[in-house]
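Below you'll find the structure, written out as structure tokens, and then a few comments.
Labels run A, B, C, D, E and F following the written order; every chain starts at residue 1.
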């Protein structure tokens, strides 16, 4: 596959790895956070850590939009889905995220009709095909996904579709990064910047990281060579004593982002005063809601959602994992009480969650890796 | 969640200029190109697809330049390793 | 390094937990219980094995091996609930015959006789039933089996999805007691008989909900003859499975667990068709977990790997056969994947199948 | 009399038409196709036999008789879709085991091994599944069979009705080639092993829709031991059937047709329980067509009628066994009933079962 | 069973048969019509004709309410059942009656929801349980059944049930008997009167038969001895040269009928000016419709039924059979093209239809009967 | 269609005097007795049941009288037959 396979070449990886190793100062430990869950997924799925010297640690950040949805919002969604005549649509990743009384699959087993869709537009198609149902799209995601929801709302308005609404859970990446940077228990040497969010917001919004916090950040693509190259670029900046915003993913990410997409978001959505992030607590201006102009597409207004705040399970240490304070396996319930089949925290649900990625792909040590290559 | 896949534009649908048929490794689907500027993509262009929308057009020049860099260091590394091996044999 | 030791302790504890008898924690059946992944295996072990346990069942092979008088028989069953019923390359009818023929074949048996149980939904078109039955007949003829007994039930509209078919099959075992996942050993080679995932992706796309077009057909086929060719050439075959629900990765995990070995697979050696790759990328699924209906995974003594490969490739259904991995002793019970990129990772069972009702 | 001759000509023409290969005239499957009556038989003959025809299947016995190496085996299958799943005296689980055990037993085989295929509806309570599985285990133990292989599929809510179970069974034939409806001859006696219709009426009332209360339990039971007792005592047994879907009348018609004989039954000799009689009168149905799940109909050489009756009555499941009729040569293919009132009438297949989904 | 088994005694039957035979005048043929389909069913189900001398012929009358429903009314019912949200209820006998494009089972196979009920009251229960559905009861039957429908309508009115209505096809027995008596091609010696209709209308309405047409009529019960005794009573009247209304079924039928039941009918229903009977054509004042006072329970008003008259299939000779002009087996398609599984005419559908009863129970000749008794 | 079944009244439902529980050969169901006169039936009475309604109360005197007639002719017939047989034997 073009633009995919080229970036999985093992010999180039070895070359980059050698260069990275060459840049390591003896005795120094390096910690880089990949903000985006997509990167976490790539890292474990391709075994990328095998190329890194032991002195470099990758810290998995809060950039998995599934992982940061608080339990209360799942409960609210199920509450909406339980209303008579409601057909809810959702991305597949959401289906297993636990609310306080089960996930969407459990809820379906009890009688709701929550269907997976590939695109928000599919929800519109379903709405057209089921005029006697109220179709509610469970919208989640960062700025990457918000434009698609926005375009779907605009299309629904244009077509005058009356049985469609959005339960809006879109969030924004910058406040989360800022919360991480402000957290006292964390020491990071730099950031692997979220590639696909940046196709929309561009690279400028990260400038405060370099400027105010003195940390380098490299916006990275999602193939393993992309990430390895980004780490190399971070190491070069550290070596040079620079802290800048760089764009490894320039084939896809324009420096200025996507203005059409930003306009679509701005037309249909506005910032919420605050929003709860799982494990991170309330973060102000960190999420989007449907603008009052499009109130008739706002499921939160149409349905009287309980909006109860549900405390995370006691055992759950997702907050620490999302902030990069703990490695997944350091959580006390990791892999025993908390597994992909019985997740306690959300990081164990999405394939982009740090715990799930580590459990599914990374659950054995590098020493054993070396021994486990076939003849 | 932020899964994005590169696909090649095959045609812009004549009756729906906000839709394009793309090819991903032999598999075809209509996607929405309303987030790109009008006329920004044409058949043969590559786009990044996310949840049924084209999020950006792939910049082939940028891709080529980056790839040349990667290939360059890859080549240099292989040469070095080869040289190392030869020196050991001797 | 201390860190590494602590991590290793955690991981060892996890492996111990994983080996405990599983419990069904859900109060209600969800689609995941039918996916072939972890939830299915938990249901099977915690509910069915717990109640029915006997030496034949407990092996959890594709077919049970039994004795009647002096004769060693293989017996298997599968229900088919695929949606849609008709898809490029086949329909529920040939699927139902091939599926059971294949479970017998990979158990080392010569398939002989099939049963057919139909559950029809009120309103199902008789013409569709006739098409399905004709496909079953053609598939049975191709596999050299006879459908000797059957049953038909009709349920009210809304209590089924057109047509469900159960087939059970009886075969005579060729090499009694020799084959089985538990006999797999370190040093064995792992082969697949062709490109993977075609069936699952074809069915998924045939539903039409995704609006994805692809030039794909199901790989449904009877593998009895392929297996016979393989067994004739290769005395060192240890175990075979047809890679249906849950795909190749699920089979590898089942064998790793049953034999308490590690299975190590090279990602770039696994044959995946271009379109299957494309559709998988678009949908965010992994072809290793996608069902085939005419592909087998073979475990063979390492020394006979090439013989086995040649035997498979000599057969029309095995032209694209590939050696995809090796069995190691450590880490026991796990499947590892050497990625194209040069890394190594675990390849575990999925919790639920991303593609429901593909068989 | 001229009149009578003309009538006889018409009736003869009708019998000729009846013997023609049937055709499915409906475009869609209706509930009648699953009733066990005429519509079911038409579907079986016109669709399934037409496609699959082979000597084992064509006999249309409760189990097919086959050879593997030198061993004569019996093979059978049934799917169970009873609603409700739990009813007084049993549930779908023991029904599924007993039903298949019985089909093997009445074919003269010793039941040995069963398969179990589950189709579960999303949302089905796991606790109910566990209860069902426990009943299956208990029934299997009671019948001395092992469930050796299985399959589980889960379908979306609204694509099933909680739980459907298919079982297939393998047994070893005791008296190869000897038993079968086609061997029944004029002069033979017809016996039933106990009172009829209890199962069907119990299930019907368990649905609760009719608001009828009765002190009734299903007769579901494994008849393998009853059959063994009978066969040991009575060499002249020609054929047996368990009187399930379609009831005793359907069995008699099947045998009359297969053997091309007349079966003549005395209405007042047919054992029918008081409550079954009452419920049948209220609902306007005939107990002769109502399913049992633990009763057999036996055809035995006339001279051994009393021996067979004694053998049946010596067994707990046959205490109420009765000699209900005789086989005659004429009119071939028909079942006649001598009514309590002293008249005689035909007792034909029903078009559709008045009680759907009782098994 | 009390009041059932006593009336199935073979020795009493033999005694009655001997008495009946004794009353036959040599060379004379007797033809009695049993008006009611229930009697037809009993006659064949118990093999009652075996007791009759060959000179006595039973002619099966029009008293099977299922058999006389014209095709057009089935089509109308299916039309109603096809309306969105409609759940139709019907007695089991109706399910197989062919309309011009299939029966209720076929219609269900295509997607309608027509359910069998034991009692009209069950339809009310279903209406209560399915408030989002419109429950339409397909009402059929003579005066026997009309009171139950009437009581159900009254109960629905009392409870204020809004999602229930009746598609009324009730018919009245007297106009049908009159039509038979007026038909020129028929010669009858007397009538076996319908027992259960008479519990409601009593015995007086038959007086015109004895008075104006000079035919004896005996209202009869439904057990075989009841019918045999009625035939005996008819033979005695003929022998005595009388033509009177007599009541063999006095344990159940009061001479005056059931006034409460008649009042319930009168309250909720009124005579239609005319109604089509299958095979008999239009008969004036022969059917009931819902009174305008209860219009909201009248499905014929709620749904715009097509009301198209559908001609009976050409091959169908049901009219002749219903009038007793032909014996079932004399119809050209009997038992070959027209069978219970593929009925052409309605008489082949209901277990009370003459053709079905004859096909199911009587389809072999008396000569063979004699040979077919078991040792 | 006009199927009517005799059943014995077991009780009049205290909360719904238009309903009675009847017994038909050991099987019990509540039926509507609203078509009978108030107080017309009591436990032990028999009624004719049609589609869930009691259509009439069975008159046991009438039944007895009719049965006596039938039994009378039955007895007479059997005696006659017996006499006939005897006479033939002799």
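Here, a residue touches a chain if its C-beta (ideal position, glycine included) is under 8 Å from a C-beta of that chain, and two chains touch if they have at least 3 such contacts.
Everything numeric here is computed off the predicted structure, so don't read it as measured data.
Chains that count as touching both subunit B and subunit E, per the definition above, are C. Among the other chains, B has the CA centre that is most remote from the centre of subunit F. By C-beta pair count, the most extensively touching chains are C-D.
By the residue-number overlap criterion, the interface of subunit C with subunit D counts as same, with over half of its numbers used by both chains.
Distance between subunit D and subunit E, defined via averaged C-alpha coordinates, is recorded as 33 Å.
Centroids of subunit C and subunit D (each the mean of its C-alpha atoms) stand 36 Å apart.
Rounded to whole angstrom units, the spacing between the C-alpha centres of subunit A and subunit F is 78. For the pair subunit C and subunit E, the distance between C-alpha centroids works out to 60 Å. Of all residues in subunit E, those touching 2 or more other chains are 1, 4, 9, 14, 108-110, 118, 122, 225, listed in ascending order.
Of all residues in subunit D, those that touch two or more other chains are 26, 28-32, 122-123, 210, 277-278, 281, 284. Residue positions of subunit B touching 2 or more other chains, listed in rising order: 3, 24-25. Two chains count as a pair here when they touch; such pairs are A-B, A-C, A-D, B-C, C-D, C-E, D-E, D-F, E-F.
Interface of subunit F with subunit D (complex): residues 3, 5, 23-30, 49. Subunit C meets subunit E in the complex at residues 122-123, 157. In the complex of the two chains, the subunit D residues touching subunit F come out as 210-215, 274-275, 277-279, 281-282, 284. Across the interface of their complex, subunit E is touched by residues 1-4, 6, 8, 24-25, 32, 34-37, 46, 48, 50-53, 55-56, 58-60, 62-63, 66-67, 70-71, 73-74, 76-78 of subunit F.
Within the complex formed with subunit F, the residues of subunit E that make contact are 1-4, 6, 9, 11-12, 14-16, 18-19, 36-38, 63-66, 91, 93, 118-122, 140-142, 144-145, 147-148, 151, 194-197, 199-200, 222, 225, 229, 248, 250-254, 258, 260-261, 264, 350, 352.
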